[in-house]
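Can you read through this structure? Questions will come right after.
Should a chain be cited, it is by its letter among A, B, C, D, E and F, assigned in written order, with residues numbered from 1 in that chain.
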Amino acid sequence: MHIRVINPNTTHAMTETIGEAAKAVAAPGTRITASQPDSGPVSIESHFDEAVSALGVVEEVRAGEREGTDAYIIACFGDPGLYAARELTRAPVIGIAEAAFHVASLISTRFSVVTTLPRTLIIAEHLLDNYGFRHSCRRLRAADIPVLDLEENPDIALERIIDECLKAKREDNIGAIVLGCGGMADLTPQISDAVGLPVVEGVTAAVKLAEAVVGLGLGTSKFGDLAFPGSKRFTGRFAEYSDLAHG
Amino acid sequence: MHIRVINPNTTHAMTETIGEAAKAVAAPGTRITASQPDSGPVSIESHFDEAVSALGVVEEVRAGEREGTDAYIIACFGDPGLYAARELTRAPVIGIAEAAFHVASLISTRFSVVTTLPRTLIIAEHLLDNYGFRHSCRRLRAADIPVLDLEENPDIALERIIDECLKAKREDNIGAIVLGCGGMADLTPQISDAVGLPVVEGVTAAVKLAEAVVGLGLGTSKFGDLAFPGSKRFTGRFAEYSDLAHG
Amino acid sequence: MHIRVINPNTTHAMTETIGEAAKAVAAPGTRITASQPDSGPVSIESHFDEAVSALGVVEEVRAGEREGTDAYIIACFGDPGLYAARELTRAPVIGIAEAAFHVASLISTRFSVVTTLPRTLIIAEHLLDNYGFRHSCRRLRAADIPVLDLEENPDIALERIIDECLKAKREDNIGAIVLGCGGMADLTPQISDAVGLPVVEGVTAAVKLAEAVVGLGLGTSKFGDLAFPGSKRFTGRFAEYSDLAHG
Amino acid sequence: MHIRVINPNTTHAMTETIGEAAKAVAAPGTRITASQPDSGPVSIESHFDEAVSALGVVEEVRAGEREGTDAYIIACFGDPGLYAARELTRAPVIGIAEAAFHVASLISTRFSVVTTLPRTLIIAEHLLDNYGFRHSCRRLRAADIPVLDLEENPDIALERIIDECLKAKREDNIGAIVLGCGGMADLTPQISDAVGLPVVEGVTAAVKLAEAVVGLGLGTSKFGDLAFPGSKRFTGRFAEYSDLAHG
Amino acid sequence: MHIRVINPNTTHAMTETIGEAAKAVAAPGTRITASQPDSGPVSIESHFDEAVSALGVVEEVRAGEREGTDAYIIACFGDPGLYAARELTRAPVIGIAEAAFHVASLISTRFSVVTTLPRTLIIAEHLLDNYGFRHSCRRLRAADIPVLDLEENPDIALERIIDECLKAKREDNIGAIVLGCGGMADLTPQISDAVGLPVVEGVTAAVKLAEAVVGLGLGTSKFGDLAFPGSKRFTGRFAEYSDLAHG
Amino acid sequence: MHIRVINPNTTHAMTETIGEAAKAVAAPGTRITASQPDSGPVSIESHFDEAVSALGVVEEVRAGEREGTDAYIIACFGDPGLYAARELTRAPVIGIAEAAFHVASLISTRFSVVTTLPRTLIIAEHLLDNYGFRHSCRRLRAADIPVLDLEENPDIALERIIDECLKAKREDNIGAIVLGCGGMADLTPQISDAVGLPVVEGVTAAVKLAEAVVGLGLGTSKFGDLAFPGSKRFTGRFAEYSDLAHG
């Protein structure tokens, strides 16, 4: 099984972090390819960053389709481009936010999310509503660190995340914590040890859910809402999308 | 007041249709500019089309900011790129789906939506949930016509839309109909006459809501969730976004 | 365009305040008439006050219909008599609570409401649920001032409102504030300046939404739920309603 | 125990029907007084009728308070004036719509409502949402008969109601039916026999819930949202409310 | 009328407490039998305890059916076995959690729940969602006392409960308190006196609701979801259930 | 990894069917043990059956804990005893209904459920609400076959299920179908072929989700709501539960 883990931002170090985390939990027969778009933001911390990164996600899925891919993971906690990506492939496409929510709700009755910057909270909040996990999440919390600090100042970042997780444990009446950023993928063991609660991280969760869906012989439904887009003309710098041959 | 009506697809005829509809309801002091991106799909009928068109919307907002613009309208019923666009400006940004839902809920207790292709229904359904209008919408209906047929086969398209609206009137226990596609903007009077119900069309609704917000001296909140994105590096074909000077 | 702004309470000074605020934002072609019922409570701070004031609202709409009116505004934050008023006219009828919620949700992702007395919070809370804006409102807050203090002790009232708004800004993770009382209509600029957040006030918001709906050639749907009431006999002091000639 | 059953409309025959139905289920120690306002609509079939009738309800509660009353019932399926009435007394005030919903949810997992005119459906629908019973109600149905036909053409009315109830039984996957009009109070046994489902009628349900609440030594909470209204001046034909002495 | 109050745990002293509380509010013609299963947990403080106690509830209903019973009450705040019990009888079956929620919502707009151990909060929270009372409950609070302390250390338990109720009164913006444990049934008057808010206790509430339903000639619907289970074979220690003769 | 698949009913043939289906999708390193309680109903088709079977589930988890088990699956579509089972172990416990809902929501935007008897629909409906998947499920459908017909008349059962699935495909605007009974586990390939939609079956889905959770090093949270039950005395036939040694 070949899973393509797409880092929607263009910071190579983060792609490597994410890829390593994915490999660490992959089943013996699973091959992980971690990739990133050439073009896009170096980190994703706003709706604008998200909108741009969705194009990168789409490109990576197209590349994956050419190579043969069994499942895709969108490794940014806002799940940018999720439905668009699903339209382009028969393979399952799993976002790390949804993956983390699914897994957390299987092992606890209520969880809190700990993410990076306060302004990304609204993105996660919208996802909880869209996916139906609003009632399972007690509180959305931000450790108030820029995404790239996870790479550049990992010790300080780790300390702040652990602090916020411990606050969640004390105050939120929860059974688990969801880490709200793909860049935290390598920190899970340390956070988990320090906090003493099950800590669900999305990249790893998504790898296992992707393996699960593929193992069931299932993939993105091509009947109805997520069918391949009909062929049509695109103009300008997106003209290449005109010749999308689907299916 | 200068309102920029952005057609997120790249079909110029549709931009003109939309612009004419907008001008027809604009207040005396309102200047309407209808524009479209150079690059993107010629119609928007899938999540993939939406994701690509969001970039076009963003470009048009950036162009608008350089020229001075008092309000933006995103004239596709999926409101593509709405939150991203809002982050880039102090001006209000109004999607035509949200505009139609707001106005319909001011004049009726319940409405139905009549759109083009069945596969776009899920996009509208998600918006109803996100915006809080789920309970106000009795039913989402598709007339089963491709978007561009609104330009190319307007008579057949009109007939099918009217048929579906009349079914909604008979079966859905509603007080109003929302037209679910920017390309229907010029058909509103005919549909309204034929159906005998208030028919709310998004482009025109958005123009009046934009005038309303600007008239109140208000604009997109720059405090918190929709603040200008922080400056950061973008790579590759999006490198130009690195030098976004905000505010 | 003639908009009748109905102050549902019988305090003339407040009617004037409201009328002035409405005129300040009205478009050039809009004529504002601010009126109040002869009979009813001098302020509205309970469900009982609301029930009585709904009759006053109804009277004012009937008066408006005799004169010719293009739109009505119900200028009390509980929107008393809203659906009853809508039944009596083809013109749009806009409540100031709904108006403020609609506008606030166009410029921010989340807002808080700041109102007068704690006991009116439940009325606003019910409206948020009914209109579908529950998820957009982070918190309902009361400055703990009687409504008439807005007229009689404006300085103290203003100070308390600003204090509560600043608390909301600090604590609620919001992008805008909704003022929860028609009597605050003249204070918006001062509050807005002091708080540094977009402040949405319902009377002014309703004027612009009324202009928007009228400008679209739309009005209250007379098909179905909000059709004119059938003719019927009323007894006693309401006997005059027996001869309601509708339409 | 003295229960005052308030018929919010002014049709005396319906007051008698309601009073008889109430007495038929009252416990041995319960005294039923059925009353109606002097002023108001002869039937309640619109929001406008509801708004006017709320004043009648308020008057009847004031009369009840002078006489000493242990519980009030508002015997119209829209529960007009419910919160206002609750503010005026320490006694419990029960609406017949809420009563029927509560009882139906105790004996079935899902129910349908069968009411009179289609245009009153929206009122019942709003109540289901407000009270939290939306998920328990499969469908709202109207037998399409004017309220007064229940008095004037009882046989035809009965037949139509039974027909609609039988349709609900066949199509709605329900365990019980709620009758949606106080004027149906005397028809319950016949409907129940003909339909072969538990039929919950609001007047009788409200009597038993009122006995229940009084029997528990409880009444409307006077702490917070439903406290007596503060004393204030009313003008004009409502001036008499200025001297409301509460508590 | 014969009401069987089932204490789902096996602590006889608590059965007596519950029985006394039930008798104290029963109507003159109501006979109360308080019983408990022979087998099961001495207190119910977890989902596991609940699952086991549901079998005891079922046994008690079967015993009640042999004797002739008009209504059943499940006197544990998690309402264990409620739907199963309902399937076994034509009589109404009322859980004390649902009873308390219904009554509290008739006398207040919002209430808080005060229960025993923190880990039982999730059970009450799920019930609020299932029954549709989520919006009526401001907050779920635990006094942090084991259930049996209500029998063994009543003074300390009472003090803690009152403390938590007073906190709820100060902080939660509520009109009533719901006591969240059958074992508190005898403490209601003292708590109510100390707190100065209406205090709704489930056992007593359920007795009055049971009287209400029976007084209406209604019982559990045997049409559809809650019909008697079809006859089938059970094996092993539950083999006796094979010969359930229903109806 | 050792997964114990618990068939909550006592029909051995169904246990074998379920076990085979589980083995067919298990990963190379996964050992499947399919077991069933000695005591309980031969099929589960009512809330009563569910309540009894929950005890069997609990017994099987206790047996599993003695042997060492890495994950449990509750292979009945009502997920009986799910939370109780979770309290007894550090291993993950996955219900087949929740598993199917999770997987279906990863590959489609909307699905329908096809189950056996109409009376079990309410159980599935409650689960959709509890788990947060209500909006993802278009319709709950019953093929109207008794559970044991899946073993005894498999051809007729299969035909009816396929018929109902095809109706769902035509009418429900869905992208996937969820099979609503553990006994359908071996029929998935045939149904899927005949229907031409992704068909999600719960037993197989649960095996893969269990592997996923274990593969992440996660298990049921023992902090808070799902901690091991405190030690306490049980009486009578459940006395053995008194000596539960947890953890």
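In the analysis below, a contact is a pair of C-beta atoms (placed from the backbone, for glycine too) under 8 Å apart; a residue touches a chain by one contact, two chains touch by 3 or more.
All values reported here derive from a predicted model rather than from experimental measurement.
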- Query: CA centre of chain D versus CA centre of chain F: separation in Å?
  - Reply: 44
- Item | Chain centre separation (chain C, chain F; CA means) in Å | 52
- Task: With chain centres taken as the means of their Cα atoms, state the distance from chain C to chain D in Å.
- Result: 29
- Task: Indicate the residues of chain D shared as contacts by at least two other chains.
- Result: 83, 109-110, 118, 121-122, 129, 135, 173, 224-226
- Message: Is the chain-to-chain touch network here best called a line, a ring, a star, complete, or other?
- Response: other
- Task: Let me know each pair of chains that touch one another.
- Result: A-B, A-C, A-E, A-F, B-C, B-D, B-F, C-D, C-E, D-E, D-F, E-F
- Taking the complex as given, what residues does chain A use to touch chain C? 118, 121-122, 129
- Query: Inside the complex, what are the residues of chain B that reach chain D?
  - Reply: 109-110, 135, 173
- Note on the structure: Note: in the complex, chain E contacts chain D through residues 25, 27-29, 83, 92, 94, 98, 102-103, 105-110, 131-136, 169, 173-176, 196-198, 200, 204-205, 208-209, 211-213, 215-221, 223-226
- Message: Considering only the defined contacts, which chain B positions touch chain A in the complex?
- Response: 10, 37-43, 45-52, 54-55, 58, 81, 83-84, 86-88, 118-119, 121-122, 126, 129-130, 146, 224-227, 229-230, 232-239, 241
